[in-house]
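Could you have a look at this structure, given as structure tokens, before my questions?
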Amino acid sequence: MRRYFGRKIVVYLSTFFLAVTIDWAIPRFMPGNPILNLLTRVAGRPETVQHMYNYYSRIFGLDIPVWKQYINFWIALFHGDLGTSVLMFPQKVTAIIMRAVPYDIFLLVPAILLSFYAGNKFGAFAARTKWLDNTVLPLGYMLTATPYMWLGILLAWSLGIVAGIFPIAGAYGFNLQPSLSWVFILSLLEHWFLPFVSLFLVYFGGWAIGMRNMIIYELEADYSHYLEALGAPRSLVRKYAYRNAILPQITGLALQLGVVVAGALVTEVVFSYPGIGYWILQAIQNQDYFLIQGCFLFIIIMVLIANFIIDIVYVIVDPRTRLGMVGGSA
Amino acid sequence: MLKLDKISKVYSTGTFGGKLLPAVVDVSFDIGEGEVVSLIGESGSGKSTIGKMILRLITISSGKIIFNGIDISTFKKNTLKSYYKEVQGVFQDPFSSYNPIFKADKIFTIIRQEFFPKMKDKEWEEKVDSSLKAVGLNPDQVLNKFPHQLSGGQLQRFLIARALLLDIKFLVADEIISMLDASTRVDVLNLLAELKSRGLSILFITHDLSLGYYISEKAIILYRGSVVEMGNTEKVYSNSLHPYTKMLMASVPRLDKKWEEVEVELKAKQIENTIGCVYYDRCRVPDKDAGCAGSRPPLIKVEQDHFVACKHCMKE
Amino acid sequence: MSLQTKNLRVYYQTLRGDVKALDDVTFNIKDGEIMGLAGESGCGKTTLANSIIYLTPPMKYIDGSVELDGEELPIWDIDSMNTFRYKKVSIIPQYAMNAMNPTRKIGKMTEELLVSKKISYKKTKAELDRRLDLVELKNDILGMYPIELSGGMKQRMVLVLSTLLNPSLLIADEITSALDVSTQKAVAEMLVEFRNRKIVKSMIVITHDISILYQIADSILVMYAGKLAEKASTEVIIHSPMHPYTRLLISSLPKVGVKYSEKKLTGIKGNTPLLFNPPVGCRFKDRCPVAFDKCIKEPPFIEIEKGHFVACWRECERNA
Amino acid sequence: MTEQINIEKSERMDKVPVKKQKKVNEFIYFAIRNNKLKIGLGIVLLFILLALIGPLFAKYDWNAYIGPMSQPPSREFWFGTTTFGQDVYTQFVLGLRATFLVGIIGGGLGTLIGIIIGFVAGYRGGIVDEVLNVLTNVVLVIPTFALLLIVAAYLKVRGIMIESIFIGLTAWPWAARAIRAQTFSLRSRDFVDLARMSGMKPLKIIFTEIAPNMMSYLLMTFILQFGGAILIAATLDFIGLGPTNTISLGLMMNYAVMWGALQFGNWWWFVPPGFAIMAIVGSLYIMNVGLDEVFNPKLREM
């Protein structure tokens, strides 16, 4: 078990180190001069130009040796300083991210957990039931092959514009101010629903087929055959197979997190939902490199933390890892 | 011709916070020309590890293996190839020894490519035919077939024929008949005995005591990586001294004698005495003492050609 | 009469046609009998075991019957067999090492299995503890996961588990082959002990190692290529076998004390036939040293002496 | 399929033995009876055909404002027109081409890197394996999408090629891991030891002994990588980080949303590209399950 976590920590630290380095290196080594790009963008506002020029020179300044720039980057990072946004000048990048995060959590956590539960149940139910396997599971494959934004667009168009049931932009009504009133909460939920459903459906398809494939192997495992040979009812055999098949699904969740997050980003773009994804699009369109960098690092850190939590959950649910026998396959 | 000098193998289980696992500990013995030596042990005793070390398939952690006066770890590309020309191995699972998607002959083709690239087709065919005949196979029946079309016994002989294509002096036979059916076992065993009479040296690795007795003149009993008893086969069998050897002898199911009443060990072999006698935890010799637990007994000569690693057993 | 099979025929369905894995199998086992089932790989041993308890595709029931304690087993019907499985007939499978759910504690798994068969775990618990004691396992094993056990321990745990409901018939399929000789002996002797204590009425012990059967079995049934070759008491099979196959098989076994240089043993020439289209008549005739013209016809499996059944024309003639 | 072809190639034989034919037959037998494989392959081939010959029927430049704005599908404009009056059909078939290109290059590169790393790590073992393992795991936990995003954001000019290569460079860890595991298990088989005892060089052992056994597996890996690359590309394109000099299915959706296709109800603009991606990738996945059933007897329906 110590080895298992030792390995994980090496991976996490290396990943974090690598990500920060990439984040630092890209604007410095990519073709073109980011400072000039930025300055052309803000050229219309003379009062900020001088200020920003000084600021950028300090960050990208050629007078400081490269290694010092690198170290300064790390120091700033540990002080929670990801720079200042150009788009929202003079707001700090961290402040923008922190404002967006609650929306992401609100959207992602229920979508992941509910789809994980429902998808696995459904996949297990469909496996080895011939007609379901042949009719409903292809649907699962199609769902997991659906581009997130497309499903979002379809839902926004059909339920939002054509049917007019749900709003399709923002996190709450434009005429409302955040407050703890019923009107506001209702508006929040209304705006939340479509992005949630479009994420949920795609994730659901993925879990369902994943479970279907896993449980078939478990149902063919020796322990399943032994139970059947002793005349145990189908329900017990399936229960065991399900419990064992869910373990690789948990690992799957850890590995899929990156994809899951990407899905959330584009879905937020479709629905102009003010999470990180929305800000990334804004940052890209306005060439706000500090905001892009900040969002990138933030996503990395979040994914690593989520991964770590999943690892711990895995160790708790699988006795084999606890006993240190299969810890090697990090 | 082959001499093992205090060889050990330690497996480490990973780079990060790994454990060290000794598989073979200070094993020394030697095999002369035309001699068959049985290496007998239960699963996990390190017997296959020794075979693989001789075949240079795994590295030796410490100690030396000397073949005709040369340390085999010094062999590099070409010298290693000439080593393989003289030393070959056959393994337990006949089906795993063949690449399932190719025909069984592939193992011959490889030999030709690597060792006899210049040989003419005709000459090669004759060579293959004669070595197949030497192992009692009919070339027409076994050539040009896929492994699953041949029986286990045929496959094992086929492998021996492969070794015979080379000019081998030494063969490592690792459990080569344990997966064969009773009816064909003896034939493969007899084939080994025949090769021996032609001057081939064989290390016969087995867990089956009766097989060891049938074919070898020297027996080595291995327990958890250490030699506990070795010597002339008859002496080791009829005058077993080490409590482990005795226990083994009593547990073997025989056809001529019902099982004797001997205490058998049921506990998991988890507890491990790492500094003392390897058998300390399971040993039932009444006068086992702190000395047994504290230091590993060396192999002591009890009679001509008979050694045992237990100081309490010699008195009898 | 504990177990009685009559003209049992079970085939394997494959793309290339049916494999006649069990062809016209008729034998019986008395109460209290441990019958050893011996033969080379692919002779139908495991098929026979599975047919009696767990006949699933690609295995296909053709005809014949199996009676246990005078009651016919509906072996062709997966569902109605469930009432007999475990309670009347039970198995220790070949894969006993992996037979327990790796992520369940052993005790918990036992409990769930019993409950699923509508049996109270609480009431059985005392007996379970006694049985564990009998096989020299501590009962805290119930709080462990299978991975924490050694091979021999798992084997014994499955022995206890499979026999917990005192089945009439226990099938032990190659349970000692994966074990070291020392543990092998212990496990084999436990099988005998279970019979002696009448936990299990009778047993079929399948192994390719005849010398183990000599130690524990009362009778031995030798199979060859999906057919029965010979059945008799253990002593008779080992010391005065009649079927040429049995004879050759036994004489080819090396024994401690036999040396190549002193007594050269011989094997059986040829290979076992493929069962897609088995040879007509006696299936052993192509390898048989004493085959003659009559072997073109199929020899019946008949009782030549009391309790000694053989399927061989030579023996028929000699006795006729 | 590849496995069988490989047998053919590597063995120069004049007469075909019975058993071998049976093996090929068995594969074909199950392949043509496997609906998943047939339907999946059929749909994918249909789209490939459309991508190949579709552009030949396109009458316009994809970027030219050629007709009336926001026209629904008609005889003149098969898939209708955009808010600016561009022909959706032309965009769609060219986008399909781009999609398959990304799949082949991105998926191919991902598979290739996966194969190299998987083979080396699995065959060499030891410290090399440990290091490659950490590398694989590091790339595996990085949300590669976020990485692509930051790289793409800084690249001013982007073509399909660049996009595919970056996708390939980040998508391999899955494949590497799976191939490593397979190689590792094959490596410990005795026939590899036998090859070593014949003095064969490691590279030759990998390519002549290990790889041929994994052909079906490698094929399936490629299919999965292919589908994955298409999805990632669509996502990147959608947030405006796709190619800057051509059209793609993801870009079509991007433009559609950006220029009010939803509000104007121009469904013909955003439905076809998304549908095509879903159908292609979904069919690939279904095809993969079919192949798995064909190759793996355990999974065949009972």
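By written order: A, B, C and D. Residues from 1 in each chain.
Going forward, a contact is a pair of C-beta atoms (placed from the backbone, for glycine too) under 8 Å apart; a residue touches a chain by one contact, two chains touch by 3 or more.
The shown structure was predicted, so the numbers you read here are calculated from the model rather than taken from an experiment.
Asker: Per the definition of touch at the top, where is the C-beta contact count highest among chain pairs?
Answerer: A-D
Asker: Among all chains, which one's averaged Cα position is nearest the averaged Cα position of every protein chain shown?
Answerer: Central chain is D.
Asker: Roughly how many whole angstrom separate the Cα centroids of chain C and chain D?
Answerer: Using C-alpha averages as centres, the distance is 50 Å.
Asker: Counting in whole Å, what is the centre-to-centre distance of chain A and chain C, each centre being its mean C-alpha position?
Answerer: Centre separation, chain A to chain C: 56 Å.
Asker: Quick check: how many Å separate the C-alpha centres of chain A and chain D?
Answerer: 23
Asker: Going by the touch rule set out above, which residues of chain A reach two or more other chains?
Answerer: 10
Asker: Under the stated contact criterion, what part of chain D meets chain B in this complex?
Answerer: Within the complex, chain D touches chain B at residues 3, 6-7, 10-11, 13, 15, 17, 19-20, 127, 130, 189-191, 193-200, 209, 212-213.
Asker: Could you list, by residue number, the parts of chain B that touch chain D in their complex?
Answerer: Within the complex, chain B touches chain D at residues 14-16, 52, 55, 57, 80-81, 84, 88-89, 91-93, 96-103, 106-107, 110-111, 114-115, 144-146, 148-149, 159, 162.
Asker: Show me the residue ranges of chain A that touch chain C in the complex, using the header's touch definition.
Answerer: Contacts found on chain A: 221-223, 225-233, 235-236, 240, 243-244, 247, 318-320, 323, 325.
Asker: Quick one: in the complex, what on chain C touches chain A?
Answerer: 53-54, 56, 81-87, 90-91, 93, 95, 98-105, 112-113, 116-117, 145, 147-148, 158, 162
Asker: Provide the residue numbers of chain B that touch chain C in the complex, in ascending order.
Answerer: Checking each residue of chain B against chain C gives 42-43, 151, 153-154, 181-187, 189-190, 193, 207, 209-211, 213-215, 237, 247-249, 251-256, 258-259, 264-266, 268-270.
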